[in-house]
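For reference, the structures are reproduced in the following blocks.
Look at the two complexes coming up: chain A is in both, with chain B in one and chain C in the other.
Up next, the complex of A and B:
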């Protein structure tokens, strides 16, 4: 008798710690954040309900829209530069003709585990106007970090440098999962290397491409560390990301309601992107 | 050499492109380490690739002018305990989902799936309010708690727990072993690869974590490495030169453990990353 009741309770005991953490540190805060979005709360004074005022404020906040533009730019670079580039890299890393494969893999993969702060500080020095290596190599003193348009470049370079290996790991795993027989069959049919790539490799990689794009998109929309260290979001917000703007409003100005409303917009954007992608994935039967 | 000459033209181009690209990937590492050995005067001169001599002054300054050893200890404590707790919590939950049938299982699993959709940055305001109300501002525990039940870890554990043969569990049950004992003595050893993967990933993520510690920690002595390092350059008073040399020494030291761990046990790290991505 004792044993059967024990048995029935066991799984709940086993999952309890995880769900307590979810409740207290994820779902609870998320609901909290949702509610706070509709309040004027500066952290010192008690919160005051102000309806849609925060969201209306955001709608006409030019700095917010600038941060949206910057974030979308970071996402676009990640999707349209990092993803294709890492596919090509994965093909090379998978190729038996590549010399020193293991060394090359280690070189491209190592950036994934580096500290964003350490690496952003390193790039900050590399891009320094007067004593940085980049300008020394180019031979011109370009003010990378101080110019509104050029400051985006170092941020983008760090993103590519740090994320290229991550996405190519996924593609490499995808490539290694392709059934060799498909290539053999294509060879028998007289397909050239190029034809084999387009008729076997690419279609076989579709599920992984979806997966990688989703990870990259969701990750890049939350970018914070790299621009925060490299430029602090400046000059005059030219590189500020949405999460950086949330941080600025929330933790330098302590406008919790406004910051939460920015978070709400970010959440809706990310959720709808992933919903669209899941839909696409379902429709294409992957 | 003979082997090389057998490569086709296309393979030659590929090798050159990949290796030149690899050199660019290495460049920041080389610059970081090289700058960490340069003297202050050398850093503020036109860039050279290598330092004139190996000067350890930046490293000495790092430990004397900033509480760097304290930051290392804080980072280690946070990363180790986060990892340990995450492994315990996720392995228990993953095993329960793989090996038990219970009421609400499907719904609870759906909750788990939906939790992966919540972007962390939207939680920082409430997390800050909660931890400060609990009087946990500047505490290392507040840095661990939000990361001790990674949903992805539960998926990974669930996958490996499902490899545990049911016959093994049944025979242990017949021998009178309790559920907890069966979990620790039979299931957990089979789940070791998943534990290794998740452990490495969690440790590295915690070690590098920036946004949440930046918000939760204000006191210099409670900082973890990334926050302390960021503070080294931003906390400079106007007019004085930023301590780039010590910053590069710090960067070198903070990257060494994670890169070393990665190179040593690449296989587990990659398995952990790709577990959910590739259908077996």
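Up next, the complex of A and C:
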């Protein structure tokens, strides 16, 4: 009897550390941040309750909405450019005809293990108006990083370049998990390469595609490093993301209540997008 | 509900602050032969080098006790100080406060809880130092930090470029624009303007006698002579930009290789910048151009308005209230920053010009020939204008003003905002955001 009880309890002991860490470092701060979002607090003196003032302020804050627009753009690029490109890349990397596959895979994976600072500094030099390689090649002094309309381009290029390798590795793992007999059967049935791709590969990759889309959406909605180091969010907030704006209000200007309210809005947005994605996946599985 | 939330948050914050060591007023007197450790936080290793040198010298002459320096280099000392305070972690004894971070401590007069009021310790010696440098660390009439550099600004330029095109070195801003137009015809820019920081605009504005805030920290940029000064400066910058006389660089490129490359390729002839720019950016950036540079006083205004120089940046050193060795830390700070020997040694060790008038007049400063500047005695140029170093009054609202500048100066550069529109926008945003 006692042994049975112990067996039942054992799994909880194994998962306990993870939950303790989650409670202390994730759930606790989340609740704290939720409470702070209803206060005016500079981090030192006692906070003052201001009800929904922070949320009302956000609703009419043009910089916040600009950062929302930028973040949605980054997310859209991540979902609709990075995901398809990484699938194509994974197909190429999976090809038995590709020579030096391991080396090529390592090269594509390199950006994800390279320091963001080094990447951004390199791209800053590449996109430099007067001395950058890109303008040298184009033969025109385009103000990539200083123009409000063009500054998004370098940030998007870095996002694509940086995340392509990682997501293609996920797809590659998915491709290698597909039963080869399915392809053989399709071949016997006379399916062309394209037909095999659409009828075998894509349906079999559905769980991986969902997983990749999910992590890339959540990651891109919290994007910070690339625009922060490349443009600092400028010029005139043209590349500022929501998390950058949260950081600015919270940790540069010490307006923790306002920053927490931004965090709350972001949390709700990510949770909503994730819920929609999961719903869509469920429907497509039916 | 509101009450519950308030009580909960106040309890959490209160408990954190109680755990913090900031409020404790304890003092330790070292015993004979004992070693006392000063914990120092700074954002720049240069300061560690200098304080270590001074402490080593003090130790040699102190038979009673020895001082050890435990320095930590961190990006933002004030954020770390606040975080350490809230988390109840150990705080430093001596802290370097970059002048742009001081306003964070001014909010709700928090500075009184964190830093020691040095006003009485400075006492009568107040007048022995460049007056404008005290303002950076002053709150409600009390001084909380000692400044590390004069930060007086001059025009660093390449004489060969001016000679080549037969253009005279400008002495007024009006001449500067005219010379800029002439050089622009040859594809050379006379100076640099960064697109999202406040560098050249603030320099010229302060030089013209403008102030963003008054001595009480109230925003006065939009009022009377300050608004006029700002518009005058912006109009002049507009003229220079339209004439393509200034090289516009990104704010985050300011410290990188962009400007040195522009100098070394002869595309930019010079730059108005403070003293620290020479040792921190210019010389390391264009080492191979040693001997090709000269220094001229910053151009002045033809109508005689304002000062002969301006200020940009600075770092003050302060003693924390939580320190248990305040007197020892003051002895070190007094020796390093307030003595003639310390001021001259600071210049010799880390290259920052003294803030003490007597030190500025020393032959060690005025007579030194600088190989990088072709043997020019550039110290004499700084000493000459030091008396006219304008103050920069601080305010808790300054971070909001700076961010407003970062966000809106590019719009001015693009021509989307006129001079007066930019000033009005800066005032409006600062007033709004400071209320958040």
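By definition in this document, the second predicted complex is superposed on the first by the 263 of 286 C-alpha atoms of A that agree within 3 Å, B and C clash if a C-alpha of one lies under 4 Å from a C-alpha of the other, contacts with A are read in each partner's own complex, and residues count from 1 in each chain.
Please note the rule applied: contacts are C-beta pairs under 8 Å (C-beta built on N, C-alpha and C of every residue); 3 or more make two chains touch, one makes a residue touch a chain.
All values derive from a computational prediction rather than experimental measurement.
**Q** Judging by the criteria at the top, classify the pair chain B and chain C on chain A as clash or fit.
**A** Partners clash after overlay.
**Q** Just chain B (first), just chain C (second), both, or neither: which does A:57 touch?
**A** In the superposition, A:57 contacts chain C only.
**Q** So, does A:49 touch the first partner chain B, the second partner chain C, both, or neither?
**A** A:49 sits against chain C, while chain B stays out of touch.
**Q** Quick one: is A:131 in contact with chain B, with chain C, with both, or with neither? Answer first, second, both or neither.
**A** Both partners, chain B and chain C.
**Q** In the overlay, answer first, second, both or neither for which of chain B and chain C A:33 touches.
**A** A:33: touches chain B, not chain C.
**Q** Using the superposition on chain A described above, determine whether A:203 touches chain B (first), chain C (second), both, or neither.
**A** neither
**Q** Using the touch definition from the top, say if A:234 reaches chain B (first), chain C (second), both or neither.
**A** In the superposed model, A:234 contacts chain C only, not chain B.
**Q** Going by the touch definition up top, name the partner, chain B or chain C, that contacts more of chain A.
**A** B
**Q** Of the partners chain B and chain C, which touch A:118 in the superposed model: first, second, both, neither?
**A** Touch status of A:118: first partner only.
**Q** When the two structures are overlaid on chain A, which partner does A:84 contact: first (chain B), second (chain C), both, or neither?
**A** neither
**Q** Of the partners chain B and chain C, which touch A:253 in the superposed model: first, second, both, neither?
**A** A:253 sits against chain C, while chain B stays out of touch.
**Q** Choose the clashing stretch of chain B with respect to chain C from the list 74-82, 92-100, 164-172 or 218-226.
**A** The one stretch of chain B in steric conflict with chain C is 218-226.
**Q** Enumerate the residues of chain A that count as touching chain B in its complex and touching chain C in the other.
**A** Of chain A, residues 32, 36, 43, 121, 124-125, 130-131, 229, 232, 251 contact chain B in one complex and chain C in the other.
**Q** Which of the residues in chain A end up touching chain B in this complex?
**A** It is residues 6-8, 10-12, 14-15, 17-19, 21-22, 24-30, 32-33, 36, 43, 89, 92-93, 95, 97-100, 104, 106-119, 121-126, 130-133, 135-136, 161, 164, 166, 169-170, 173-174, 177, 207-208, 211-212, 218, 221-222, 224-225, 228-229, 232, 243, 246-247, 250-251, 256, 259-260, 263-264, 266-267, 270-271, 274 of chain A that touch chain B.
**Q** Inside the complex, what are the residues of chain C that reach chain A?
**A** Per the stated touch rule, the residues are 2, 5-6, 8-10, 12-14, 17, 79, 82, 85-86, 104, 107-108, 110, 113, 195-196, 248, 250-253, 256-258, 261-262, 267, 399-400, 403, 406-408, 410-411, 414, 433, 436.
**Q** For chain B, which residues are in contact with chain A within the complex?
**A** Contact set of chain B toward chain A: 4, 7-8, 11, 14-15, 17-19, 21-22, 25-29, 31-32, 35, 43-47, 49, 88-90, 92-93, 95-97, 100, 102, 105, 108, 111-112, 115, 117-130, 145-146, 148-149, 151, 154, 178-180, 183, 204, 207-208, 210-211, 214-215, 225-226, 229-230, 233-234, 244, 247-248, 250-252, 254-255, 258-259, 261-263, 266, 269-270, 273-274, 277-279.
**Q** Give every residue of chain A touching chain C within the complex, in rising order.
**A** Residues 32, 35-36, 38-47, 49, 51, 54, 57, 63, 121, 124-125, 128, 130-131, 145-146, 148, 229, 231-232, 234-237, 248-249, 251-255, 258 of chain A touch chain C in their complex.
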